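Down below is the structure, laid out as structure tokens.
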Amino acid sequence: MTHSNADKTPYMLDEDSLHEECGVFGILGHEDAAALTALGLHALQHRGQEAAGIVTFNNNRFHSERHMGLVGDHFTDPATLAQLPGDLAIGHVRYSTTGETILRNVQPLFAELEVGGIAIAHNGNFTNGLTLRRQLIAAGAICQSTSDSEVVLHLFARSRHTSSIDRFVDAIRQVEGGYAVLAMTRTKLIAARDPVGIRPLVMGELDGKPIFCSETCALDIIGATFVRDVENGEVIVCELQPDGSITTQSIKPEKPQPERLCMFEYVYFARPDSVVGGRNVYNARKNMGFNLAKESHVNADVVVPVPDGGTPAAIGYAQASGIPFELGIIRNHYVGRTFIEPTQQIRALGVKLKHSANREIIEGKRVILVDDSIVRGTTSVKIVQMIRDAGAAEVHIRVASPMIFYPDFYGIDTPDAEKLLANQYKDMDAMCRYIGADSLAFLSIDGLYRAVGGEPRNNDRPQFTDHYFTGDYPTRLLDQDNESNIHNLSLLASNG
Amino acid sequence: MTHSNADKTPYMLDEDSLHEECGVFGILGHEDAAALTALGLHALQHRGQEAAGIVTFNNNRFHSERHMGLVGDHFTDPATLAQLPGDLAIGHVRYSTTGETILRNVQPLFAELEVGGIAIAHNGNFTNGLTLRRQLIAAGAICQSTSDSEVVLHLFARSRHTSSIDRFVDAIRQVEGGYAVLAMTRTKLIAARDPVGIRPLVMGELDGKPIFCSETCALDIIGATFVRDVENGEVIVCELQPDGSITTQSIKPEKPQPERLCMFEYVYFARPDSVVGGRNVYNARKNMGFNLAKESHVNADVVVPVPDGGTPAAIGYAQASGIPFELGIIRNHYVGRTFIEPTQQIRALGVKLKHSANREIIEGKRVILVDDSIVRGTTSVKIVQMIRDAGAAEVHIRVASPMIFYPDFYGIDTPDAEKLLANQYKDMDAMCRYIGADSLAFLSIDGLYRAVGGEPRNNDRPQFTDHYFTGDYPTRLLDQDNESNIHNLSLLASNG
Amino acid sequence: MTHSNADKTPYMLDEDSLHEECGVFGILGHEDAAALTALGLHALQHRGQEAAGIVTFNNNRFHSERHMGLVGDHFTDPATLAQLPGDLAIGHVRYSTTGETILRNVQPLFAELEVGGIAIAHNGNFTNGLTLRRQLIAAGAICQSTSDSEVVLHLFARSRHTSSIDRFVDAIRQVEGGYAVLAMTRTKLIAARDPVGIRPLVMGELDGKPIFCSETCALDIIGATFVRDVENGEVIVCELQPDGSITTQSIKPEKPQPERLCMFEYVYFARPDSVVGGRNVYNARKNMGFNLAKESHVNADVVVPVPDGGTPAAIGYAQASGIPFELGIIRNHYVGRTFIEPTQQIRALGVKLKHSANREIIEGKRVILVDDSIVRGTTSVKIVQMIRDAGAAEVHIRVASPMIFYPDFYGIDTPDAEKLLANQYKDMDAMCRYIGADSLAFLSIDGLYRAVGGEPRNNDRPQFTDHYFTGDYPTRLLDQDNESNIHNLSLLASNG
Amino acid sequence: MTHSNADKTPYMLDEDSLHEECGVFGILGHEDAAALTALGLHALQHRGQEAAGIVTFNNNRFHSERHMGLVGDHFTDPATLAQLPGDLAIGHVRYSTTGETILRNVQPLFAELEVGGIAIAHNGNFTNGLTLRRQLIAAGAICQSTSDSEVVLHLFARSRHTSSIDRFVDAIRQVEGGYAVLAMTRTKLIAARDPVGIRPLVMGELDGKPIFCSETCALDIIGATFVRDVENGEVIVCELQPDGSITTQSIKPEKPQPERLCMFEYVYFARPDSVVGGRNVYNARKNMGFNLAKESHVNADVVVPVPDGGTPAAIGYAQASGIPFELGIIRNHYVGRTFIEPTQQIRALGVKLKHSANREIIEGKRVILVDDSIVRGTTSVKIVQMIRDAGAAEVHIRVASPMIFYPDFYGIDTPDAEKLLANQYKDMDAMCRYIGADSLAFLSIDGLYRAVGGEPRNNDRPQFTDHYFTGDYPTRLLDQDNESNIHNLSLLASNG
């Protein structure tokens, strides 16, 4: 997504958490390609709930269905799947980052080229997307969407290379940032992961047919086997041969860089049952809670998770501290898609739409609230107030990740730096007073690294990317650096 | 709802659990009546997700909005709320039990009468509903819906009494079964609970204005105060007086019966943070797990809840047994409204759409799976298989309620008796083999009673109704007894 | 329809013409009953464009589809027709008269009774509808719509008679006014026409199966044969016998009254190719124009119809006068359903959305404009201005019907009496000045009678009803006379 | 539109007439630009009923609304117009020619370019559109639609010229065929007409602000003044200057060709009240009927138009022959958008959905049926049968245009040559027998030329293009000539 962070402020007022932008899934050679892709996207729904799309190829024709809403709202209808014949499919779930989601921007995107059609979907963000888009437009390209995927399409279309593989590699080597890209031509399923491997992408197999997807949970739902991670900087091309066999080719960068997976996949984004970079996410989170209890012990009666994100860390915290784990906050799961346009009255009621205190558990107790992360802190203020209203004797906030100081440019929707809690208050005491808690503690960087990888941070060569905590960005930020001389494109406001 | 259980079999194949049919909310004298009702219904959404409706009264006119879908899909739009002016409102969420939900059946229902309009909504089921309907039709009544609420409307309309209160009492005293009814006239908000108090109904207050709702969680969401339970057999009438004050009148049965609340409210239906019959539901469920561990101990490595229903009992089980509580099954919360029309492929994948094994937690472990209840057992078979596929060394099922043998006729959607797991296998061993577990145990009746009320079952005068476990129905079952001589009405199949 | 005329004023500002309220069609014993009914309703679409409904009976069940919009918008979809199996069907097209059309009011209406289900649809208006409704509600009836048809349903349901035929006759003899009613039970198709035959209703036959419909054009579209008019006051019952044969029974009033068909069917409502009361409507209209030319000759260069209503009379006028007939005004037929919510700017442009001057034909010419009728005159003002703007030398208005002084109570939507042009100006000169024409003339009452029936009006026993011109109402007007003591019901404002 | 004619056969089976593909409207400098454009498009609705779109520019942003359906279905809603602020607008109505209309193809199209945004809409067809598209794709362009307008966008984007005017002229000079193009940048409204002026385009003015539109009727509806025709080959650029004034610049081809307007605009497409090429269309059609009567007299009792297309010619025929003009066929105008998916039964009933015989006028009469044109003849067969069924003594067909032998490539949807009636029968007698008429006659080429322009055809330098009658195409047909070596693009089948 190419966007300035400034636009998102109003949205972030409602939703005080970070958002992954997308999930991808692709499969080659399976007769149920579209249905399996729909299921895979359903398992990836937590990575984007605003829109979903699937493209298939069959009988010399590409077929596309793209719809606003959940996967299950449209893609389980047999009539819709019947519009998606073929044994090659890629799909995409999307979280809107700009507030003006329109169907034109829903992926996968498709282009008709002289070498044949190509469809493409990606998760992540190109840090030189605007720069490339500007160059392309100056060279006469016409952009129909505001999606980064379209930039890859144009680079592919304009490549001087002949073969579609060479064109794809040529295109993907020009983009910078964090991304997991899936592409498909008439016979090929192509997967690519960014040079430092910020965004996750795994390879699996079902009935001997290759699958690529954002997380392993999308393999599990269809009973597929995990094969391996796509490596950082790697392009994998699976091709259906005329004899029906499928060949697989791996193209690796000449100068490979060390992998630096995004820490927030472990902290918040990935599903607890997924294995990311070889590590179970639930265990990583439990460890975060465990380490947090060791680092910031406090005497209390109950450990209460802020559901659902804080639950694994709270279990770890309870196990480390011996304080009982209790469901002191009940989450209303029907909020998901609802209350898109809340009234002023409902807005004023704030967080209670999603969370409700379980008074019997809270009343008169010293409560440790465990949350996965704090972004702006507005939600924490409301939750602490709710717990106090329910009669808690003390409220101690324990956050299973470090303080966030810096924006992300690799596909995570972050508020402006000055809106982040950590930048608004000069010290922990001030923060704690703002939130209204009796005490407040964050997990240390090393506590986090140990929870995920077993080792403290190697500051010379960090094992992960943790720029939101440290400011140590794993790539250059071309669009950001050029921001002054990139004029804003006058985007089309369109309903049709 | 008047329906035969036979129709529901196909639906139950997909959904191996019991379903409450409805939730109600009403408020008198508050300027934000409709918005508060929408919020209350949102908190009661777990009691019915298929449709929602609100009726208000303002300026000599009743206003009605009824929509298929979640409360948040329609009733948070300011334009919709603007169609619902007034300071008196009742609302309803509905779970469809017949497969042919149509808007005509969505409550509240309304009728124009000589004494003025009346709107009515209810949770529960009348055990003489069909019998009464047949008598009414024979007397020239025209029924426009298949809802039990309409029966009350007709009885009200045909009552020989003059005052609307007398008419309502006259009508409600003719119906039998389990119900929580809310009604409103131009100036009155009326609440009624069935003679033995099977369905719950509570009274609350906000800014001095009376509220009635199915559960206390609907009070909490809007910051209202709990006043008391509506008693079994009681009719409470709140009336707006010309001077703006509100009077409250309680009409109790001449021969009160002892209360027998539905045990399944504690086992499954009510929200964990609700207080039902004076008892916190989360604690009751934790106690069920606690007692279950005491009754049916087994050596194991992890206690894993079948989410979300089994989670509180699993916490109790873990606390009692000292075996660690772990999230070994991850639930996909986006399933809620999705996959209404799954394809055959997706149907074959069964339970995995909703549940996924967290392999790292399961592999090589002796697993205790804690579930709230088992109805047909088809889900349990799939979950055990899923846990075994994830590499469990042993799988022990512990069910935090007794075996279900009998259908319900008070508003719970149950499969035919012969479809219930408990009726299909001659002993616990056979059941365990069918499910594929290494061991299987259910909570005892007394264990359940103790968990909820602190005392074992008083068999002479049971403290709750538990007919699905024991066959001890708290009322006569007129429609069932007369079934042979009640001809089926040829219902209209209508889309408009 | 039970409504006060006062509500309609705002609507009439946009639409300066009269509106018929409905059309009906029914067929018994034909395997394509629903499709043939859809076609018949399509041919009757000019009688109502707001909503359409069809009920069929098949396999012990009634089936109903009712939709807002044109017949062709919904009822030509094979999926919709598949919801309407059976060989017995009645259908209805509706023109909204109240501005608050809701699906509950769309006909046919259906009721489940002890003697079995009954569906009913009607065209027209009961002059004692409100009075009956009030009596029914006082006796405990619950009304779910504001439609007159529901009154017949209740009278039928409450009748003391045993057979459905006796019940229907009992019910229909209690209502007064102008109506053409179709009803169906499981085996019977019933047609009834009001005692003086104000509204038309004809009987036809296709493949030996009986059909009833508002106009003969609905027979022509499906190639059915005209059998005869249903007589005024007659009830015809066609019944499917167990052996597959169909019997027909005619029930006539004990004291038959002379027929008085509504003159406006000839002037404006009926389709030109229909035969109403044995007379071709196109010829009747041409005769009106012919007689008008004889009565009110003026020298001119062209005769221009106000399309489409004025076209047949303009042809007659041109033939009688020898002045050439020319299309000096072009009508935009796409206006039909469009511009339901025009903007203020578009509203200000008024009549031009529908009509446009054909300047080449008008410029420098003396123009005779022939219109079918003038109601409020607001459209005439705009059309004369448009013709003058196009350069006409003279504009002479000739109206092919008499002046309208009185409201209708038999199913025609008329403005309040004081809004009618004829009541606003004291003489023809004043009217002509208001309209801006050089001359203005209306057809005489006798000219109209001669055009339709060949004879002048028999004032002792008028051959038609012409109350809007003469004030001579053919029935008593009970609701109107009782208006002071009928309190307005507080109707439900409902969107669901 | 780039398409092969072959695809359209199935569609033409239902609709035995030719179809214009589009209408355009644009205005610069008027504060009500969008509302006026909506009205103009409403007046042009006869040129395309499938979709409509409007683009405006305001506050540095382009705004677009494109919707399937009629103009009045969407663009009269104040909420929609509120999405279209600004005083510069272009709009488009579209008739679908391919059967797979998707929103991506609905015009105006928009592109973001380095020189700023540009929107474009056109009526007509490029005879080298496929060839250009192929060249563009080979050069790396990505096409998102199948619309010819997108070709102009790409040529504009890739032009080496600096100014937007030079770029537009550069682009438009590369396309061949028949077209009327409107384009808009941030400050300019640009109009272009093809080199021989096949498609019409006129310039008008309202309150001193320039307007361009397909026909003068779109000026009349908003009270705008006709200024002049855009000349063949001319590009007119109106530009809003910083001081608020508007400049107008005309760019004419270096080697102008003689104009050859499409004869079918006079025969069928244009609205009767439009002035096309300086000639009133209604008068031209009346003259065609007049000349037809002179050329092919036959004794008869009535002249009956096939409505609505044949009406003006029938009036002319009646005036020339002295035989009375009568409405012997009634058209159901509600068919317009309805019956999009007719059932088989309804399909079998064919033409009667739209036309109905007025038996009283036909029975026993010698009938002259006047139609505007005959394409495949399938409709004529049904209409003659319908007239015979109504009892006509004789049926004589008179067609107010010559026989059609050749397909069109300039924006008219024509069936394959071998499907045309004129190519299926070896002589007029065989045709007449096929149609079932007693006699059949077509207007001569010279009769047509005289009716429109007053002079017979100048065979050395024809005054109009008449290629469907004569095979004399006014331009080369590059795509057709290259058809063998243009491979079909594998288009995307998309619903989103």
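We call the chains A, B, C and D, going by the order they appear; numbering starts again at 1 in every chain.
We adopt the following convention: contacts are C-beta pairs under 8 Å (C-beta built on N, C-alpha and C of every residue); 3 or more make two chains touch, one makes a residue touch a chain.
As the structure is a computational prediction, the values presented were derived from the model and not from experiment.
> Determine the set of chains touching chain A that also touch chain B.
none
> Could you grab the centroid distance between chain A and chain D? Build each centroid from C-alpha atoms only and quote it in angstrom.
About 50 Å, centre to centre.
> What is the distance in Å between the mean C-alpha positions of chain C and chain D?
Centres of chain C and chain D (C-alpha means) sit 37 Å apart.
> Distance-wise, how many Å sit between the C-alpha centres of chain B and chain D, to the nearest whole number?
The answer is 61 Å.
> Quick check on chain A: which residues sit in contact with 2+ other chains?
Residues of chain A touching two or more partner chains: there are none.
> Give every touching pair of chains, nothing left out.
In this structure, the chains touch in these pairs: A-B, A-D, B-C, C-D.
> Which positions of chain B touch chain C when the two form their complex?
53, 60-67, 83, 103, 106, 110-114, 116-117, 134, 137-138, 140-144, 150, 153-154, 157-159, 186, 489-496
> How about chain D: which of its residues touch chain C in the complex?
32, 35, 38-39, 42-43, 45-46, 49, 70-73, 76-78, 81, 217, 220-223, 271-273, 275, 280, 282-283, 308, 311-312, 315, 319, 324-327, 330, 332-346, 349, 352-353, 356-361
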